[in-house]
Structure formats: structure tokens, C-alpha cells
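Okay, so chain A shows up in both of these, paired with chain B first and chain C after.
So, the complex of A and B:
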């Protein structure tokens, strides 16, 4: 940012965040390597698993009558895609740090919260778009949402909040390390947590300690809440559980990201 | 074509094995020195074994599932997955060497040039050994059994794992020689993942529905997996083994050709 701009009237924090958010969204959209795997892999996994394990739907109690295993997997596809995208969005901050753009931002009169909010806007926008995209793409193949429009909206809201939560954790890691590779290293951990949940398979068909871990995993509560909207119908209670888990992740993530950003800013100044 | 042919009659071409040995030694040293490189070797086998066996335990309740012990079905799949990761790591290493210019220096070594890609393939196979041992050990701890006999089961599993490491490595060589950068490892990974997913990894062909069995039937990995699993779901018979060996042979020819064409682009 030039001295001329710095000496002029300062933009409101919200407008600064909007400008940085717009930059984040455009930058994200222009890099297919950021969003293509996050879109293709979940679809591939759902397509393969629904075909390979479709017979599981015939086991009594797994899915309600009249529904399919593809419907069972729809929340998993959304969550998996959001995880990819959220972490990629957060790691963009590390790219900004590595490339020197962050230092230029810090040297400008931009509001500090706007740096974080603007960066996370890209992740949230992508999460929302993904949730809509997966529902639209899988719908012709039978992945309907019994909960109708309210149920679909719950899926989108959860996706947006989860993007924000994971994106903020990734942004915190980015602020701490300044290394995109280190942020990407966070993905396997999240993927393992997702595997240790009900995302890909019904918890009632697991057994032993693995089942216990899956039952206690907050991601199971979140996915199950989404699944109720898809398989059984709109349920405000189940939606509240899913959204509550996401808000918890957001609170932890924002706290972590804010602290790490403050730390980096203190070092920079 | 050898280096000697380019350099004139006075250049001496040394035997190939010292160069292969040195490249392998360097790869082993890198594995020890880069902590990030050892994680896939140790962590991924544990993850695959625990996650596949734990998450999909309920599949054994499907009528017609070949075994009632999920470890017997999933551990061979996890072994082959981790072998493919060995190939992926080898491809990433090759990409790094191509980017840094080290590969150019390797090509100047007074040994036949074919030894350089051969070392990559051999390293992938050696690297597959450790996750194979870890995965098998975890399976045994989890309660895996050997209805076809320990020796037969482990032998055919090892053949399958080493074959996947070598074939995956050939795929990686072909991609890396063409794109010449480390980030192309993502493409290698996608190829390996797709082949793994579109096979009989989680359920056998007979229980698959929709479009997947048609694809899986043409996937060579389906037959390599059947061979690798034979001693874990019953007794190994020739009818279990020959399709796997044929799939390895055909894949080796095709992927070898793919790698060789890429090699020719890199070293005309």
C-alpha cells in the first residue's frame, strides 16, 4: 500500500475486511489446485463407497426405509470437502507470509482483525459453495434431502461454520509457522478424526474401543445432526447439535488464530 | 544408450551396481534425516489398518462377505495402500532431485543411465518393506488369522506389496520425467488413489453394486489384491494367483513403456 493511501481517509474495518475477503475469494477461485482436489476427492469417495457398500443399507436399522447409502454419505462428502477447502483457505495466509504480502499488509494502516476476517472469508465462501454443489451434483443420483429446503439450509450453514472453524485453526497454524507445508500437515490429523467418526460408516456397526471413540468424537455428533436432516427430515434439535459443535470449533479456532496472529504481529513490529 | 556413447571412446563406463547402491544409500539417509518423510512410513500403516478395520468392521455382517474377520480382509488392502505410498514418496524424491539439479549430476555419472531410474524403483520396493512389517504386525495384534498358512499368506502378500511399489514407482517416474517438478507428485497421488479406490479394497466384486464392479473388473489392482489376500481368506490356489501375476506383468509392460517414454523426453 502506498503512502498516498495511508495518508488518506481510512476505510472502515468492515470494508477493509470485505476488500481482503474479495481478494481471498478471487485468489482461491483462480487456483484450481486449491479447490479441484477438495471437490473431486469427496465426490469420488462417495461414488465408490456408495457403490461398494450399498448393501449396508439393507442391514436393519442402518438407514430408514426408502433411503439409500448415498444419502447416508451426503453429509460425509460435504464435511470432507469443507475440510480440504477450509485448510487450503487457511494455508493461503501462510503463502501470504512466505511471499511477503503479509508484511506489506502489516505496514499498511489496515485494521488487524480485517487481516484474519478477510482471509477466512474465502474459506467460508468456498465451504458454502461446496455444500450447495455437492447437493446439486448428487441429487440426480438419488441423494435427496428428506428435510427439504430447511434441511438443505442446515447443511449449508454447518458447512460454512465448519469452514470458518477449520480455516481459523489453519490460519493460526499459518501465523505460527509461516509455512504452507506445515499447515497442510494438519489435514491428515483432521482426516483421521473424520475416519474415527460416523462420517463414512454407521457407528452401530462398529465395535469395541473404536466404536466408543467414534461415539465420543464431536465430529460424529455434527455429522449425525446433518444426517438426520438428510435421512429423516428437518429437525431443529439435531441441527442445533451440529451447529453447536461447529460453533465450538469456531470459538477454539478463532481464539487460536487471534493469539497466533497477535504473536506474529508483535514479532513483526 | 549409455553415457559412454555420448562422451567418446576414452570414457570408461563403470559397472551399474555401485551407482544403484549409492543412490539407495542416499535415499535411506534422506529418510532418516527428514522427519516428515518417515511419517508416512510409520503413521500411514497404523492409520490405514486401524481406520479400515475399525470403521468398516460391520461389512463382515453382509451376507456373502468372504471372511468374518475384518483384519483378514483389510490388512492386505492396507499393506498395498502403504506400498503405493512408498512409490509416491519415491516420486516426490525424484521431483525434488529434478528441481534441484541433482538428477542432472546423477546422469553425468559414468554408469549406464538405466541404473538411475532402476534405483528409484528398487528404493520404492525396499521402502515398502517397513510399512508391510508394521501393518502385518498390527493385524496380528488385532486378531488376524492365516487360514491359508503363514508362509503362503505372507509370501503372496509381499509379492503383491512389492509389485504395487514397483508399478506405482513406474507410474511416478513417467509423470515426473514429463513434468519435472515436485508439485507433480499430486498427480501421481491422484492416479494411485483412483486405482486403489476403484478396486476390491473394501468389498469383493460380487457384493459391489452399480457401476463400480464394471470398473473394478478391468482394474489390474483387483487381481493383485485377490492374489495378496488369498492366504488370508482361504487357501491359495493357482486360480487365485495367476490373474494377479498376469496383472502385474501386463501393468509392468504398460507402465514401463510409460516411464521409458518419459525418460526419453528427459534424456533424448
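So, the complex of A and C:
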């Protein structure tokens, strides 16, 4: 019998990762429970914060003249949406493990990196869509981006990278536990980290330990870099800080995910 | 795989989980073109053995080859050569049948055009063409199993592993799947390794079976051979009350005596099932009217009971 398997699995890693990435995106799109909260909750939070704390914008030095508190909150909305999406994307790996689809993949000649890359591709795609969506939806309400198209692109790139970083941490937890619930349990921790940053409130108006923690929180550096694009104009330096923080999260996340996946695969031959 | 290498071999295969040896020294040899039934109760070690043979689980000890490749040293070659339909049909419910087949083609390195053509062939083969664009979540259990089989056949594997393929299926779906496995084996010569806890399934499909219990193979051989080793087929004849002794006397040359209730005579036929006709003739010649007659042959459950002292169907103690 002639098997139609071609010249070995490694040559097909790209195609395999792309096919698994497509599957991740399709699954995401077909599960409203994955993307509706990630889309609606950030908008609600922005609406509430904007109404409740809009007056903060009148305090000198918080936002530049001619800008709004909604513009101040635009990066927060994007980051919050990306957090939902990235963690959901990672937890899908746990769903595959629990449901047996992971075994199907492992029993096939699919390249092992393609399993992880394909899964994270869905999270990145969603992060990019989120960044575009929030910019478009909030624009009519005054959430313009002073940095123009380059500034908007920075927001999209940061969103994609942050999705990859958070998605890989979530995928690592998925590989370790095999339980979607355990991965979802990671979300509150990330959310607390976001609240302990400048995402929703200016650092200069904070006080005491809270201000100190926020200043040291890398998420503050990332959000502030995005905020410069929105409130002041395109800044390559600020963009580099945001992207750098994301790349750091990506490096840690990918290392963790790869280790945990290797550990899970070690039981196989 | 060369002609001289059997598609599946295992030598003293062991898998331990802590102190528990789930598989405890299994030896196997499955011939090319054979349907091999791996029969045993839940927890006997069937799925653990399959997971080792399909490279999903590393053996603790022993060796195994599949399609001529060592499962530990050449796992990628093994994966490329086998088709696997695992227990519970782990099929993504949020994808359509056609999407999953296309994905499977890509995972096995089959080109886009060839993959699409092959997908249509397989959909047609398992009778899912009309349902191909529906989400798998809406499929019945039987449709999922057929799709699972189609996915496992995408790359025309030399060896096909089916792990409890009909568990949970209704009788009609079960028979349909058996037909498909049989067709695959006879038309394409695919070697099939089938685990099951259903005696009937092993009896219907397998050329040879191995019975596993407590991680060890307790019997191995063709179902007919194993059954014949357990004992003679029994003939049970209901006669008029009071005529039992006369009937036993008449049947003494046809079979060995077995105890039975009043109005009934039971014998183990010396010549096997073929001896039933002779039994009718001698009873007729003795003028004994037959009110009811039943021929029973040993089953694989009898084989299992003889080997383990327990019944596979139900948990009752085996009766001698």
C-alpha cells in the first residue's frame, strides 16, 4: 500500500501551522462566548469610566489640550479586549487536550511547533481585529488618534504582540493542566495587574504604594507608550517601549509554553 | 514495511503508572491484511496498549514496531504510516466534516488539490457527502464515527488502529461501521488493529483475537479455534417428561452427557455442530418426539470465562 504522505513532516510546518491557525480563527468566530465578552466588556468599562471620571481630563497635565478622557481610555479598551481574547485563545489548547483533539494531532505526523503556533495564530488574529474594532467603534464618540495612521498601526501591532504573549502564557498553563477552567483562572490575575497600571487612571493622580506599584508595572510602560500615539502624536520611541514590553511578555510566554508542551509531549514516544 | 516484517509486533511491552502495571509484558504479532481484535473489559490495558503502539505513550519497558518502524526510536515514521481513530471520536464539534478532512490532509502533508479530491472520495465512501458542510456538533454518534474513520483513512494508512470504534452506537450504526471496516480490509488489504469490549464485534470482524485481562494476554488465536478449545457445542432437546432416560440412551453415541432439568436432555456433541443431524435421526429411530431443540456453541465470553474465571458480559462469576 502506498501512503500519500509526502516528503516528511518538517517540510510542511508552515502549511500545518497555517491550517491549524485557520481552525483556531474559525472556532473563535463560531463561539460567540469567546468574543462577545471580550468585545462588550471593554466598551462598557470605557463608557462607565468615561462618564464617571471624564472630569479628570480638566485637571491640568492629565491629557493634552484638545483631547478627551475617552482618548485617554482607548489603549485601556484595546488592552482589556486583548486580554480576554489572548487568554481565551490559550485556553482553547486545554479544550483540545480535554476533548481528545490534541491526541489526534500528536498521533499524526504534524510538526510539534505547528501545534503551538497554529493555536496562537488565532489569538493574534483576534487581538489585531480587536485593536481595529475599538478604534473604529470609539472614533465617532471622539476617540481620535493624534498619531494618525502610524499611531494606529502601533496600537494594532502592540495588540497583536500582547495577544501572542498572553496567549502563550495561557497555552503554557493549558499544556500543564489540560483544564480550560485552570487557564481561565489566570484571567483575574492579569486583570488585577491591569488595574495596578495607568490603564484606567493617570499615574500622576495616584498616591502612595498604589502609585509606586503602577510606576513599576510594565503594563504601565506599555499602555503609556500606546497613549502617546493617541494623545500626542506618533512617537517611535514610545512605540518601541510598548513593543519592547510586549516582546518581553512574548519571550517569557513562549518559553513557558514551549517547556510545558514539551513536558506534556514527553509521555509520548 | 517489508513483506517479512509483520505490520505490528510487540515484545514484552510494559507500561507502568507508579506501582500499577497497566500493561504487563504483552507479546503481539499481527499479520499483514489481518483484522486483529484486542478484547478485554474496561481497565484491562487495551487502550494503554494502543496508545503505546500509536506513539501517544512511551512504553516503560519492552519493544514494539508498527509498519516496520520502532515506536520509540522512529515515532514520526510510525505516525506517518498509521491511521488512528481513538476512543470517543475526538472530533472538533465546531468544524464541518469537510473542513476537518481538509485539515487532516494538510497535517499529513497531502497537497491542497489531492487533499480535496481525497476528501470527496472519503465523504462518499462513508456516506457523509450531504452532511459534509454541517457542523460536526450536529452529527449523530454513528456519523461521527464514520467521519472519524474517514479522517483515519485520509493518507491511505498501511495500518489502521480503531479503539473501541462502536462504543455507544446503536445496533444499525454498529453494523454499518463493521461493514465499512470489512470492506476496507478486503478491498484494500488494510491491516486493522481493533480494540473492543464487545464480544460480538470481535467475533464478527476479527480474523484473530487476543484477550487481555489485568494487563496480560490470557488467550490468543482465531475466534473459532479459541471457542472450540473451550468445549463441545451443546445440544439441548426437550422431550416428553418420563422419556428423558430413553433419550439419553439413544443419544449416548452422539454426545457426552450433561445435566439438565426434567423434560430436557443435554449433550456435548462429539462431532461438533454437524452432529445435530445425527442426534435427530437417532431420536426419531428410538421413537422419541422432539418438542424443542437448541444448539448452542461456546462464545468468546466462554473463552474469557475459562481463562479468567469471570464473565466479560456482565460481572457475574463464571459458572462451570
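Going forward, the second predicted complex is superposed on the first by the 256 of 269 C-alpha atoms of A that agree within 3 Å, B and C clash if a C-alpha of one lies under 4 Å from a C-alpha of the other, contacts with A are read in each partner's own complex, and residues count from 1 in each chain.
Note that in this section contacts are C-beta pairs under 8 Å (C-beta built on N, C-alpha and C of every residue); 3 or more make two chains touch, one makes a residue touch a chain.
As the structure is a computational prediction, the values presented were derived from the model and not from experiment.
Engineer: Give one of first, second, both or neither to describe whether A:240 is in contact with chain B, with chain C, with both, or with none.
Structural biologist: It touches nothing on chain B or chain C.
Engineer: So, A:216: does it touch chain B (first), chain C (second), both, or neither?
Structural biologist: Touch partners of A:216: none, neither chain B nor chain C.
Engineer: Once the shared chain is lined up, is A:255 touching chain B (first), chain C (second), both, or neither of them?
Structural biologist: neither
Engineer: In the overlay, answer first, second, both or neither for which of chain B and chain C A:19 touches.
Structural biologist: Second partner only.
Engineer: Tell me which partner A:54 touches in the superposition: chain B (first), chain C (second), both or neither.
Structural biologist: After superposition on chain A, A:54 lies in contact with chain B alone.
Engineer: Of the two partner chains, chain B (first) and chain C (second), which one does A:107 touch, if any: first, second, both, or neither?
Structural biologist: Second partner only.
Engineer: So which bits of chain A does chain B touch that chain C touches too?
Structural biologist: Correct list for chain A: none, the interfaces share no residue.
Engineer: Name, in rising order, each residue of chain B that touches chain A in their complex.
Structural biologist: 36, 43, 47, 50-51, 54-59, 61-62, 183, 186, 190, 193-194, 197-198, 201-203, 207-213
Engineer: In the complex, go through chain A and note every residue touching chain B.
Structural biologist: 33, 37, 41, 44-45, 47-56, 59, 181, 185, 188, 192, 195-196, 200-202, 204-208, 210
Engineer: Where on chain A is chain C touching in the complex?
Structural biologist: Going through chain A, the ones touching chain C are 1-9, 11-12, 15-16, 19-20, 22-23, 26-27, 30-31, 99-101, 103-110, 266-269.
Engineer: Which bits of chain C are touching chain A when the two form their complex?
Structural biologist: Spelled out, the residues of chain C in touch with chain A are 52, 54-59, 71-72, 75-76, 78-82, 84, 86-88, 90-92, 94-95, 99, 102-104, 106-111, 114, 118, 135, 151, 155-158, 188-190.
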